[in-house]
Amino acid sequence: MILLQLISDGLQLGAVYALFSSGLTLIWGMMNVMNFAHGQFVMLAMYVAFFCFTLLKVGPAFFVPLAAIGLFGFGVVVYLLLVRHVMRGPMLAQIISTFGLALVLQYSALWAFSANFVSLPTTLVGGVYDVGGIRLSAARLIAGATAIALTAGMHLLLTRTDLGSRMLAVSEDRVAAALVGIRPDPMQALAWGLGAAATGVAGGLIALFFYVSPDVGNSFTLLAFVTVCLGGFGSVPGALLAGLIIGVVESFSAYWLGPATKDVVVYGLFVALLWVRPQGMFGRA
Amino acid sequence: MLLEAQGIVKAFGSFRAVDQANLVVAENELIGLIGPNGAGKSTFFNCLAGDTRPTSGTIRFRGQEITRLSPDRHARLGLARTFQVPIVFAGMTVRENVMVGALLRHPHRRRAADEADELLHFTGLAERAEMPVTALGTPGRKRVEIARALATEPRLLLLDEALAGLTSSEVEAAIELVERIHARGVTLIVVEHIMEVIHRLTERVLVFHQGRVIAEGTPAEVTADPTVIAAYLGRRRGRAQ
Amino acid sequence: MSISRRGVLALPALAVLPALSEHVMAAETVSIGYIEALTGNAGAAGQSIKQGAELAVEIINTPHPDLAPLTLAKNAGLPNLGGATVALTWADNQGSPAVAASDALRLITQDHVVAMCGAYQSSCTLTSSAVAERYGIPYVAGESVAANLTGRGYKWFFRTTPYGPDFARLYLDFLADVAKSGRATGKIAVVHENTDYGTSVADSMVSTAAARGIKIAQRIAYNANGTDVSPQVLQLKEAQPDVVIFISYTSDSILYIKTFHTLGYRPPIVIGDDSGFSDPSFIKTVGPIAQGALNRSAFVPGKPDSITYKINALFKKRTGRDLDDTTARSMQGLFVLCDAINRAGSTKPEAIREALVKTDLPPGELMIGYEGVKFNAQGQNILAYSLMIQLQGESYVPVWPANQASAKLELPFKGWT
Amino acid sequence: MIPLRRAGPVAVLVILAIAPFLTANPFYQRIAALVVLAAISASAWNVIGGYAGQISFGHSIYFGIGAYASLLLFGRFGLPPIAGAPLGIIASFVVSLIIGPPTFRLRGHYFSMGTFAIAALAEILIVNWKFAGGAIGLMGPAMPRSLADLLFRNSLPYYAIFLAVLALLLALTHLMQRSRMGFYLRAIGAGERAAESLGVPVQRYKLYALLISGAFTALAGSLYAVMIGFVDPESGFGILISVNMVVIAALGGVGTLFGPLVGAIILVPLQETTNALLGGSGTGAAYVAYGLIIMLIARFSPGGLAELWPLINRHGRRRAA
């Protein structure tokens, strides 16, 4: 029984990681930009959800799409004003510019929203189901289902559509793509927008069961980086699987070895996997 | 014999990119490797350079087994290479790029710089020695790679499509350069697409198809070989020329 | 008794750093430095402390005869210094011990503060008080509870708040009393975050219990600010302890309660060690599903005509929420320091230190439920004390000990309905 | 005769040597000491991260080892904290030999993430290692027992010590930059495969770079512990320690001799000033200002500030030639 509950908790948590990481996969994997501000993007989306609920009294059906649209616009703006200019520089320029962006976003949020923790009422979505003794939270189930849908959607977009292949072409080789008539800038702006929109969906859903505060992103960010890396940069299904694995591993190791050492197992596993497969589970060699 | 490769197999899963390829190279030869894209010639080439370890087979260089040695050991033994897509050291000048090669035999900076200058002169880059290497176009970068490789003082130089993507006047200059390298006493193996180049440069050609060496001989012999024409030249001529 | 020498400070050797000023100094001002965690993980608590301290300064600087017995409330300013007013200079420790040390140095040498308060995280208090010690500036810690702060042999360091062993005694006394009513309390689980705060309080808990022959049945350490606490809750659910004591910051406290709710688990007795459970955000976010949670507090608003009630009302007017324990303890620290400065009649650090050593405040002059303030040789307040409060409805009410209780203890933990 | 191209760096060093003595203000003096300390660790990082192009996010492991070595020797054996510096350096060698070979197989972001994960593991181990103070951390001497404790009210002695270490490190880096090793590291950073093909024993040179880089980072950690007198897992092994080194080096200009120093001269006073001016308001404005400035620098000068300073940049180039 405990075993099933642990697996179910782990999978639910893993789905949240996958959800959290989905936008990062797109941006990091496709454009080779390490977005240190990813957690802050999620935080913004969570505040969008919170304020939509408290000010406009609307539910997730409204605020999740709104967060996605809002973040899409924000992602495009960030690309045009910042990322476009640093992408051509060395990898380090991307790191420090997005690190700077992360600080600006997090502490602007602190200034605007104060350091207080807020949260949506636990009753907003569904509550808790008891399935044969296994407790499932409706909010987390929705988050998990969305993570899978989002992953599938992004994967299809990238592999089955013309737009996706154009985006991939630009990510492989800007110059070559330009030669065959694909303008790289709009494609990359779009990739940033879509990555940020996925982040918006994630933030809106995570807000259903997690507290919201200016530094909430930091709790997830490091694990999101590990998730994306473990899955293999640019592999959307890889990130989903990696997220689920990390969730279950955390759940089990926290239960048996103690919560303080669960990260040892996760990071240890990650290092071991890199040792065996230096390009991640699904990464291109 | 300078180089002997016997029964080279490189398999990725069940796919055999190179299947039982053999090659014997004598001192001072100039050998061509040709074949359609994906024929396995690049993989074979990488096996010779130590970049890829063959699944089975042995490679001997100057009598020493080098099959599993790392690329830098290859260089030290006198086996140098260039890359299909040039990899130059961004952030360095042209001269510094060549010095990296020269430092292998001349650990002192000043000596290495002199060696580099000699090779820059030889490859016609002398005037651009102080330029950042990234300011050079593809032909220039290919020359930097050749100069760099020569700076390691190789007995055998492997050129991977050193002429691809050049205009016809650039090709002319490049062929002339390869001939001068050969005249210095360096043995060469070149991977090339352009038959004209192979005809003019090489004495002996190996033709790859689907991982196997399907023909070997002088350029005239192989281009007359019906299997080669069927597998490669017919198709290619129709399209590319 | 020249207090501010800010005017002569402008030594613009590195012109990038202009002189720093938060307050324009009046003729007679006593400048006190306050280092807090204004940003970072503990930012919410630090901000609340800042609001509380500013209220305390207002109470000191302007006449508040209605708060009469409280030290320094009645008159404007510090009477023994001719009515000089108190001004606070704030510094943000950013949650970093190195930054806290820089802050202390800056407050002492740039802002010429005569004494200091701070600094929330014990690690920050440790490094900033070391700087104060070297410069000979009195330092009053009103809220940091790690055991290693006192006992360093410092001359200039004083701590008004109760610390680890005090809390451990409180919980064990309380549980022993509850046990008399027939409720099982023998199986105690301690769940703590694994940085200095959680570890040191949990260590005190284990050793104090051991001294009484009680063995802590389960001790679970976890990483603060985690993403998920379900495994810990499942461990508890399996072990079925009689009592669960949480030593947790806000974010994790919120997650624990949410996870109790999700997993449908109600431990019979839930005690939160202040901190996270006392954060106003805690009640706001999970109050409705944390009914019956116990907490420790040294501050209770009490009856409408009491000092504490009035202070709480003033605080609520400023901030829109009730005064929490951490903020109140910090305010009390500031009151004790100002009282010492007043008794010293001087802003000379040595005089303030001597006055602090001689501090002996009765409970009536405090704004908090200590049995008084009196420092031992290590600078620890030996009369510090707390009581048990319980979340009933939308606020905590005192429930133990009986003579201070305003509501009846409700057990077991109800959580949600 | 001093050639013109040497005048710039010489002037920088002269100014650095006398700068803090021009002010009697202890806070400015402390900032000056912190600048040099940050310059040491960023310059040390620069050897592997800048020259060899291996963007490590795990250097906090070395910093922490140095800091813990110092305070452990004090805490357990009562030795002056500075006595831990050699121990920290030896331990850094051991760590480099253990983590170097496996992580060097990783390329690009994978290397960054791999080193980060190892440092995260180290932090967790320290948190759970009671002997080393666990989560509570370790304290230095509360009061100086002798001069050897290097416990000063004034920051100038620290400044002098730090500057000597920095000068040593920069001199070594300068020598390295002119030698075969410097060429090889830059070649590795620019194109590992090509470097290998030219006979560069890539793994071995990366390891050399890591040994030097780790040792000086550990030394920086020891010096930090001596000055601050306290270390806990977060302030020794925390991810931010690594990030700070990377940001300072990148902002000044990686792979240049003086880049990290320039970065430290700009960034550390910036951090301290923004916190001093804006931190007290508690609104986070300090971080917003700090974040905006580093964002703008990255936006308008992606190669770091050193590229805006042709004197230094040209110096670096010519030197290498």
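Chains here go by letter, A, B, C and D, matching the order in which they are written, and residues are numbered from 1 within each.
Operating definition for what follows: a contact is a pair of C-beta atoms (placed from the backbone, for glycine too) under 8 Å apart; a residue touches a chain by one contact, two chains touch by 3 or more.
Since this is a predicted model, take the numbers as computed values, not measurements.
K.L.:
Which neighbours does subunit A have in common with subunit B?
P.N.:
Common neighbours, subunit A/subunit B: D.
K.L.:
From the centre of subunit B, which other chain's Cα mean sits the farthest off?
P.N.:
If we average the C-alpha coordinates per chain, C ends up farthest from subunit B.
K.L.:
With chain centres defined as C-alpha means, what is the inter-centre distance between subunit C and subunit D in Å?
P.N.:
36
K.L.:
I'd like the Å distance between the centres of subunit B and subunit D, where a centre is the mean of that chain's Cα atoms.
P.N.:
42
K.L.:
Report the inter-chain centroid distance for subunit B and subunit C in whole angstrom, where each centroid is the mean of the CA atoms.
P.N.:
The computed centroid separation for subunit B versus subunit C comes out at 73 Å.
K.L.:
For subunit C, jot down the residues that touch at least 2 other chains.
P.N.:
If we look for residues of subunit C contacting two or more partner chains, we find 39, 43, 46-47, 194, 223.
K.L.:
Do you know which subunit D residues sit against two or more other chains?
P.N.:
124, 127-128, 284, 286-287
K.L.:
Two or more other chains in contact with one residue: find those residues in subunit A.
P.N.:
107, 110, 214, 260, 263
K.L.:
Classify the inter-chain contact topology: is it line, ring, star, complete, or other?
P.N.:
Graph shape here is other: it fits none of the named patterns.
K.L.:
Would you mind giving me the full set of chain pairs in touch?
P.N.:
A-C, A-D, B-D, C-D
K.L.:
For the complex, which residues does subunit D have touching subunit B?
P.N.:
Listed in rising order, the residues are 178-180, 183-184, 186-187, 189-191, 193-202, 255, 317, 320-321.
K.L.:
Going by the contact rule at the top, pick out the subunit A residues touching subunit D in the complex.
P.N.:
Going through subunit A, the ones touching subunit D are 28, 32, 34, 82, 85-86, 88-97, 99-104, 106-108, 110-111, 214, 222, 225-226, 229, 233, 260-261, 263-264, 267-268, 270-271, 274-275, 278-280.
K.L.:
Could you pull out which subunit C residues touch subunit A in their complex?
P.N.:
Checking each residue of subunit C against subunit A gives 39-41, 43-44, 46-47, 194, 220-223, 225-232, 234-235, 238, 250-251, 254-255, 258, 261-264, 279-282, 284-286, 288-289.
K.L.:
Name, in rising order, each residue of subunit B that touches subunit D in their complex.
P.N.:
Those in contact with subunit D are residues 49, 51, 70-72, 74-76, 80-81, 83, 87-93, 95-96, 99-101, 103-104, 107, 109, 112-113, 130, 145, 148-149, 151-152.
K.L.:
In the complex of these two chains, what residues of subunit C are touching subunit D?
P.N.:
11, 13-14, 16-18, 20, 22, 36, 38-39, 43, 46-47, 50, 89-92, 94, 96-99, 101-103, 105-106, 109-110, 122-123, 126-127, 130, 133-135, 146, 148, 152-154, 194-196, 198-200, 223
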